[in-house]
Every structure is written in structure tokens, then in C-alpha cells.
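Below are two complexes that have chain A in common, paired first with chain B and then with chain C.
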Partner chain A sequence: MPVTGAAIIGLLPEIIASVFMFVVLLGGVFAGERNSGIVGGLAVLGTLATFASAAVLLAIGFEGTFFGESYAVDNFALFFKLIVSGTAFFTVIAATRFAGSTGDAPEYMTLILAVVLGAMLLASMRDLFGLFLALELATIPSYALVAFDRSRRESAEGGMKYLVTGVIASSVLLYGLVLIYGVAGSANLTQVAEAFSGELTPVGLVGIGLMVSGFAFKLSAAPFHFWTPDAYQGAPTSAAAFLSVAPKAATFAVLLRILVEGLPGATATWTSIIAVIAILTMFVGNLSALRQRNVRRMLAFSSVAHSGYILVAFAAIQGGGQETGVQAILIYSAAYAVMNLGAFFAIDLVGEDAKSFNGLFKTQPALALCMGAFMAALVGIPPFSGFFGKAWVILAGAQSGSVLVYAAVGALVINSVISLPYYFGIVRNMFLEEPVSGGTAPKDDGGVRFSVYALAILTTIFILFFGLLVTLTGASGLL
Partner chain B sequence: MPGPIQTVAETLNSQIPLEGFLIVAAVMFAIGAWGAVIRRNAVVVFMCVEIMINAVNLTLVAFADFLPDAGGIGASYAALIIAIAAAEVAVGLAIVLAIFRSRRTVNIDEVNSMRG
Partner chain C sequence: MTIIFGFLAGMMLVSALGVVLSRNVVHSALFMSGSFLAVVGFFVMLSAPALAAFQLLIYVGAVSVVILFGIMFTQSPQVRSFSTIVNKQVWAGLAVALGVGGFLSYILATEDWGATEAGQGTRDVAAFGEYLLGVGPDSEIFAMLFQLVAILLFVAVIAAIVISRRKDTDIESASDVRDVGE
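Here is the complex of A and B:
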């Protein structure tokens, strides 16, 4: 397997991310503890360069598979690389002040860039073991990110709960991959697709089941979601925001690639498993979120519910819904990235208790409007970003022609109604309640404020990119 | 009619079938998973996870040995998986140490301040 020059160009985003990973770490050594701004600047530059290189590759229509067909650079992968590096850009801006305050800014930024690198590799992998390596490269630093905040006891606790469930899930996932490898006789998805085109063997079925459960853990889908609230509540806000979006989007990407490219022969099996998981996940996420008074925890359960919404699109990849289903996953991932990231960051400026949002419109009207936009987007009200994701999922479900998927789409609509009270509880607190006096407001942070405003604008004007997104995802190159 | 010594020698020389490895690995995986779920000490949970990962590695190496084409590639994957398992435990023990410093316990059930 010779490495061609084209492979170097195709891997440019990953190369830039890994170079900056070490530049940030070493730059921190030379800059010293007091100059965390330099480290933050380097990390911002790194994510921006990564984003730009992926955008250029997408713009010139670069396509190819490298290393013996085990690494695919196509529009589909590049799209997810844009989501990952874009969210990382806003995250490092928002995290610079926090990272400086811990005294370990270089380590924090390096861990974020490591997750970026792993997630980007993940989106391109066509090899069962390569994708496991990439998944672990994205996951192991995220355990450390969750446990990073030494000033709060919950941080290490969240990290431990995430880690214990995460490593068990990893080994279950790996067992599934190994069994699929054993049945197929090769780790490459092309050969896997050939081996799984006929009747499923029991070992192959167990492999698929274990793999899907492992991925359900990583995507915080019910009944494997229980680590999510603790991990996101304990994690530093910027880490929780980033982990709820970027690695998750990349995991959706790789799951989609395995299922569509590697197991097209078993479509009936995995669409029905995923439809059931999706229905369960939506209800569990939304019903648990209803009870929460802590906004961070509420958003964690909301991210569980949104995983369920995206999984409905997975179940819809059958019959006439194939193309629309893939499109829906891409569009939803982009829409979810901007709205969820912004909603999490806003916690850093206001506070994690739902009461701390009281009367925000009177004290900080701009911030209240931003948070209102995020909440409306998470419910799925037009013209905010979440609406387009949900609309496309429903469209794909309607085209799929399967009763189970119709049930899942019905559950999605019911769940959107269930989710109204908790999202609009925050909105009501902000606009109708009186400000709580004497509360300790968190310190103002320019980086976080910039990210929140920028993401609120992106959430609101999502409709302007929508035409572009539909053309782009229509030619995603996966089908 | 071969004598008992010959029978033993034949058994020793015959190849152990693939299923044998797979069943041992599946049992090992189940033991590890069971331990990881019921044990409350975080360090013991990590040990159980190691058993699970080693069971997977055994499956992988057995497949690699028996598959016609895959051959050495499967075995090299096993080396990578060993490295990943080590990385997981390294981060895991660091976090457990951080927990122990602040709470003087590594019992998973006692480390539970967040609820809901």
C-alpha cells in the first residue's frame, strides 16, 4: 500500500490538527503559566486552519480512498470534519479564560485538539480496527476533559462515571467489531459488505448487536445513557458543550458509514434495532429532562433526546427514505451543533441553576435573546436551526415505508411537545420573572460571550445556509 | 487398536478448533463483564475491563490465525488494542487517584453527589 501525494493532501486537516496539538503543548511550555492567552491563540489558530483546510478540500471537490481503501476522504467525511473543527473553534475561544484559571491551559487545549483529531479520523475510517483506534483517540482525552476542573468535586466524579461506563462500552463495541471481522475475514468495509450480503450467521448477528450497543453507549442512547447527565454536569462547561456535539457527530458519521457501506445486506436488522432504541431514547431523554432544576443536567438529558431524534433518521434509511435519511443525519448534526453548543456556553455566563436565568431579559437583554433563540431551536420552531433538522428527519421517515419508522416519527412529534415545558421554562424565567437580587453572578467572560453571540446568529440565520447544505448533503458521496 | 499412549499423543498433536478459542474468549468476556457490573471498587472494575479486553484480543488472534488471508494483520491489530487498553487504564487510574485524594474512597457507590 504505497502512500501517494494525494493521501497527504486528503489528510491535510488531520495533519494540521496533529501539528497544532504539539505546537500548543510545547508553546505552553515556552509561554509559561501566566500567558495562557498565547496558548488559547495558538489553539484558535489551529482549529481555524483545520476548518479552512477541510473547507478548501470540500470546495475543490476532493475525493479519494487511501491506504488500501481503509481511509475515505469524501464530501460526507469532510462535512463532518467541518462540524468538528468549527465547534472546536468556538470551544477554544470560550475555554481560554477557564483553561487559564486552572493553570493548565496547554493541557486543556491539547486534549481538545486530540479529540478533534480523533473525531476527524473517525469520520473517514473505512476499516473496523482503524475506526476503533480513532474512536478511542476521541474518547480517552474526553475522560480527562470531563475530570479537568479540580476546583469542583463533581468534575472528578463525572469523569470517573464517564470513564467506567466508557471503557466497558469500548470493550463491548470492540468485541462486536472483532466478531464482524471474524465472519467477514477482513476489516475493510468493502469486504465486510460482501460477506454480510447473504443470510446472517448467528456470530454475525451477535457482532452487529454488540457493535450497535457499544455505539449506543457512545451516543448516549437509552438504555445506555445513564453516564450522560453526570458527565456533563461534572465537566467544565466548555468541555461538556464540546463533547455533547463534536465527538457525537463524528460517531454518528462512522456508525452511518459502517451500516450503509459495510452492512447494506443487513439493513432490515439494524433499522429495526435502531428504531426501537430511538423511540426509547427520545422518551427517556425528554421525560427525565422535565424533572431537572439544574440547567446543565437538563441540557444533558436534552442531548440524549436529540440523539434519539437523529437515530430516527438512521431507522429511516430503508425503502424510499435512503437518500433523505442520510441527508437528515447530516443536516441535523449541523443544526444541533450550533444550537446545543451555544446553549451550553450560555450557562457559563448566567449560572447552572434554572433560577439564575430569572429576569435575564431585564439585566442582559442580548444574552436573553440568544438563549431564547437556542431554546426555540432545540424545540424545533422555525426559522431556527433545529426546525430544519427535525423537518428532514420527518420527511425521511415518511418516505421509508416502514410501520416501525412511522411509529418512531410519531414518537418524535409527541416528544417535541413533551420537550416544550422544560425549554420554555427557561424562556419564561428569562422574560417574565423578576431578577433574583443578591445572587452571585459568574464573572463576565469575553470569549464565551463572543461564542454565544456568534452561535446565536448562526442558529437564527441557518436558513441562509440551508440551500447550500441540501446541495452539499445531497452529493454526500455515501450512497 | 492403538494403545493409550498413542491416543494421547494423537490428541496432543491434533489442532484445537477455532470454536474452542471463541468459547473460552466468550466465557472470559462474560466473567469480565459480570465483574465490571457487580464490583464496587473502581480499581477492581478496571481489572475486570482488562479481562474483557483480553478476551476480545484472544478472539481476534484466534480469528487471525484461522482466517485464510488476514494472517498477520489481525495479530498486529491485537498489539494496537493492548496499547489502547493501557492508555484507558492510565487515564482511569489518574482519575481514581484524584477521587481518592478528595474523598478517601474508591467505591463507585459512595462517589455519588450528583443525582436526578
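Here is the complex of A and C:
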């Protein structure tokens, strides 16, 4: 039997997300243009139901592989599904007002839910074809999300650049997957692992190289990061925030699954490729971010840098660092999700010029404290969320026993110092500068404000969930 | 078989050249679907009907449509034709293309491809239908991928509509912008 009852239960989060995708679109037809609040409410309900179903599956310890071992529902996948649906929940709340103002709220919410669906499928895929389709399902709507804002020309420009570079990345990735498939004779990761257990043939090597390059593009890792600042600057803030977190987390998940479950025999090859990419990405991201006056572009380059930090954990999956490396990726993804999402949303309330943050502590103290928490977390200062991610990456690197990974960990520490000026430039503007008079403040938005406050609290009390996270990631089911 | 292969290869090369040499971006997009169609033909010849179907549905169908929509609705008519790729970098580009092509041909030719057997797929339409729906060995995942492709196409249409939609106010402001530019 191809489809069993257990498979349906395993697919529950995806089924709920797809049902709500259609409900939101149809609900928009019946609600009409003026009632975008109803559409937003339906989308919030959808993401919440998706999150709840994934949480229930995780809580009851539901595990298994379905569809001929091609679709895995394990703690690892469910963990990333929680990150994706949780970030989508906050995004939808923050986006309701904006989406309503464009008059196309149902489409906006549908596209977000489509990204959620694609990203959740990605986290579970053990089939090369399936993961490519899931990745496309997560990226095709994101092109439209970036180009969504008709009132700004940068939006269309960013969308077009993202589309063109994204399609090239997809083809490079597909070429890599096809070469791997050709060598293995099967698209299933179990068979791929068998075929790649011996010495690598040139085709296998090129296949891994192309596949990692394609993923590096999607993760905006250097030297494939050029689309990132333009796309994030052009996109509506909620879309930029969401796209910088959820699809990236899912892409990290699927890359980890391919490398650990499909290519364990080639560990030496991919850890060294990724270590080099990681070092390059960290320096390029941080050095470019230093020069930005626009907070949105700065955060775009900062997200490039953070991809680099997470990739260090990938490089550390060798020797004694295997388990800690996987844990580091899970913990960093969760920590990064809350802090980066919040920092992006805060732009919507303040403005994208670095000067618009001047004197924020005097005018809006609560918001300034939230932004301060996000910035401190992005630097990696305890007890904020980012610290735990970085600490675990360093721990994994120290256990890996590879000189190249030691170099990458060294680069991570140096880069954390390089990143201090631009993150704390914002903090200095907020607390020490005088407010700029006469500037037009963006309209206040209750949804965005709620998301920023909630995410700031999560960033600050991340330590309370840390025990739970370590237990979860310890039994991630991947190793 | 050789004649069919020659036809498909010729169609692919001509279409591919058409994509990069055409001065009209809409023609380029149409040439691209021609090239995608030739790939579909290759997959059929290689006894990979499932792949051929996905290629047809996703690339000839969805991707080409999204690109055409994107071009037709985001560009004003004046800028729709571009100069071709034949510019100062043509020799450098040609060298890189030949290098990459030569390198890939070399490694693909030296691989022994032991794990892959030819002719595993089916040409029978009924069996192909069952395969797409996940009945039969090693095709269980297609039960889900089939639904996934359906959703992907649906989302691609929504994305195309979102990119292409224009309201009255936008057209006015867009023409304002163009006036300033000219």
C-alpha cells in the first residue's frame, strides 16, 4: 500500500497548511477587499493549527518513514516544522495590516502559507526528486512575495533579480542532484548512501560540488549571496523577515539530511568544501554590513554572515563533533529565527535609515529595549538567544579535530568582533543620540508591535527553553 | 532512434541559441520552452517517462508561463527588446562556456555509470499512470509528489497573477515614472 493511515498522520502539518492555503484564498473572495482582517485571522489560525499539529506529533513521539522510506517524520523534521510554522505565525500577524493596504491580502497570505508548506516538506524529504520539488514550492512563491509591493520600484527590481539568480541556482542544484542520482542509480537517500560509501568518482565529486553550490545560493552563502541585499531591501518588511528565516532554516535542514543520511561516505569532501564557504561567507557578510547606512541592507548582510556561522557547524560534523554539530545547527536555527525575525519587524515601526533609530529610547523606550535585545542577540551576548547558537557551534568545532574547522571557528570569533560596530551602532543611535525632529514616523501597526514584543521576550528568555531544546536535539533522530 | 535523437538535439541547440541570440525577450522565452520540450523528448527516449512528465508539467507548463507573464506585465513595450549577448565579453564568455562544457563532457564520459541500468522505466500509458500515482515498487513517493506538483502549479499561477496584477492607480504612477525617465 503506497499510502497508509500513519502516513496521513505524519503528513498532518502539511495537510493542514495546504487546506488553509485554499481556505485563505477562498475566504478572501467571500470576505471582500475591505475585510482583510478576516483573511489575516484565517491565516493566523492556519499557522497556529500547523504549529499545534507538529507540536502534538513531537510530543507523542510520532516517528516513521513513509512512501517507501522517502519521507521521514522524525524529531529532527518536526523541530524544523515548528520553527517554520512558528515564524510564519508571527509573520502573518505582522503582515495583516500591510497586506490589507495592498488590497491583495488573500494572495499574500496564500503565498506565505505556500512557502510554509514547501519548507515543511523539505525538512522531511529523503528523496532527491521530492526535495527539489519541495524547494521549488518554497522558492517560487517567495519571488512573488519579494515583488509584492507595487508602491516601491525596488520591490519589482529585487523580485526580478531574485527570480533570475534563483532560477540559475535551482538549475545548478538540479544538475548536482541529477549527477548524484546518476552515480547512485536511485533517488532515495538510503541507496545514495550505499553508492557513495566507497571512493568518490569525478562525477560524484562534481555532483556534490554543484549541489552544495546550489544550496549555498539558497542560503545566501558567499560567493553566491549577491541577490540577498537587493531582494531583502525590495521586499515588504514582513516578507523579507520571513524569507530570511523560515526557508533558510528548512534548507539547512534538508542539506543536513542529504549530507548526513545520503553522503556519510563523502564526509571529508563536503566538510572541507563547506568550511571554506563558511569562512568566506562570514567575512563577506560582516565586512559588507559594516558599510551600510540602510538598516534593511545591513540586516540582509548580517543574515549572510549568520548563514556562515551555521555553516561552520556543518563543517564540524566530523570526528568527535558529529552529534554536537547537528545540535548546534538545530539550536542556532531556532535562536536565529526569533532574533532575526524581530529585528526585521522593528524596521516597520521605526524606519530603514540608521538615523531614524536616533533617540528611540526617549520616544519609544519599550521598542528601543526590544531592538537592543535583538542586536545583542545577533552579536551573541549572553543570555540572549544568539549566544547559545554560537556557543554550540564553537563547542562542535572544538570537538571536530580538524585544522580547517579550527580555522573556521577562529574566523567565527573574529567575525563576532567585526560585527560589533554595526549592531551596536544602532544601539548607540537609540540610546545616546537625540531624536531627529521633523522626520515622518511610519504608521503604528499593532500586529507588528505585538510580534516585536513577543519575539523580544522569546529572544531574552531563550535560556528557559534551552534545556528542552537540548533534550529534543539530543534525540533528533538524524544520527 | 538516431534520427529522433538528431532531431531532438538539433531542436535543443537551435532553441538554446534562439534564447540567447533573440533580440525580443518574449521570443527568447518561447524558444526556451522549445528547448524544454526537446529535453522532454530525451527523457522519453531514455525510458524515464515520469521525469518527462514532470519536465513537461513544471518547465514547459509552469515556469514558461510565469516567465512570460512576468515579461509581459512588468515591462513596458519600449524596453521589451534588448541587445543580444554578442558584446565585448563574447570571447571570454565563449571560452568559459567551452571550458565548462569540455570539463563536464570529459568527466561524464569517463564515469562507468555502473549503478544505472538503461530501460528501467515504462512506456505503457496505463502503467505510467499507476507509477505517477505511486503504485508499484520504488514509486511510492510519487503518490505524494503528484499532489505536490499540483500544488506547485497552483502556487505558480498565483505567483504569476500577483506579479502581473495592476490596478488603475499603478498604471498612472507607472506612466508618470516613465515620463520622468524619458
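Operating definition for what follows: the second predicted complex is superposed on the first by the 478 of 479 C-alpha atoms of A that agree within 3 Å, B and C clash if a C-alpha of one lies under 4 Å from a C-alpha of the other, contacts with A are read in each partner's own complex, and residues count from 1 in each chain.
What we mean here is this: a contact is a pair of C-beta atoms (placed from the backbone, for glycine too) under 8 Å apart; a residue touches a chain by one contact, two chains touch by 3 or more.
Note that the structure is a prediction, hence the values are computed from the model and not measured.
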item: Chain C versus chain B on the shared chain A, clash or fit after superposition; value: clash
item: Which of chain B and chain C A:Ile38 touches, first, second, both or neither; value: neither
item: Partner chain in contact with A:Leu174 - chain B first, chain C second, else both or neither; value: first
item: Touched partner set for A:Gly68, first chain B, second chain C, both or neither; value: second
item: First (chain B), second (chain C), both or neither touched by A:Val19; value: neither
item: Partner chain(s) touched by A:Gln233 [first = chain B, second = chain C, both, neither]; value: first
item: Touched partner set for A:Leu117, first chain B, second chain C, both or neither; value: second
item: Touched partner set for A:Ile457, first chain B, second chain C, both or neither; value: neither
item: First, second, both or neither for A:Leu369, with chain B first and chain C second; value: neither
item: Touching partner for A:Ala195 - first (chain B), second (chain C), both, neither; value: second
item: Intersection of chain A interface sets (partners chain B, chain C); value: 129, 133, 136, 140, 143-144, 147, 150, 153, 156, 159-160, 163, 167, 182, 185-186, 203
item: Residue numbers on chain B that touch chain A, as the complex places them; value: 22, 29, 32-33, 36, 42, 45-46, 49, 52-53, 55-56, 59-60, 63, 67-70, 73-74, 77, 80-81, 84, 87-88, 91-92, 94-96, 98-99, 102-103, 108, 111-114, 116
item: Interfacial residue positions of chain C with respect to chain A in the complex; value: 54, 58, 62-63, 66, 70, 74, 104, 107-108, 110-113, 115-117, 133-135, 137-141, 143-145, 148-149, 151-152, 155-156, 158-163, 165-167, 170, 177
item: Residues of chain A defined as touching chain B within the complex; value: 129, 132-133, 136, 140, 143-144, 147, 150, 153-154, 156-161, 163-164, 167-168, 170-172, 174-175, 178-179, 181-182, 185-187, 203, 229-230, 233-234, 291-292, 294, 297
item: Residues of chain A touching chain C in the complex; value: 2-3, 11, 18, 21, 25, 66-68, 70-71, 103-104, 107-108, 110-111, 114, 117, 121, 127, 129-130, 133-134, 136-137, 140-141, 143-144, 147-148, 150, 153, 156, 159-160, 163, 167, 182-186, 188, 195, 201-203, 206
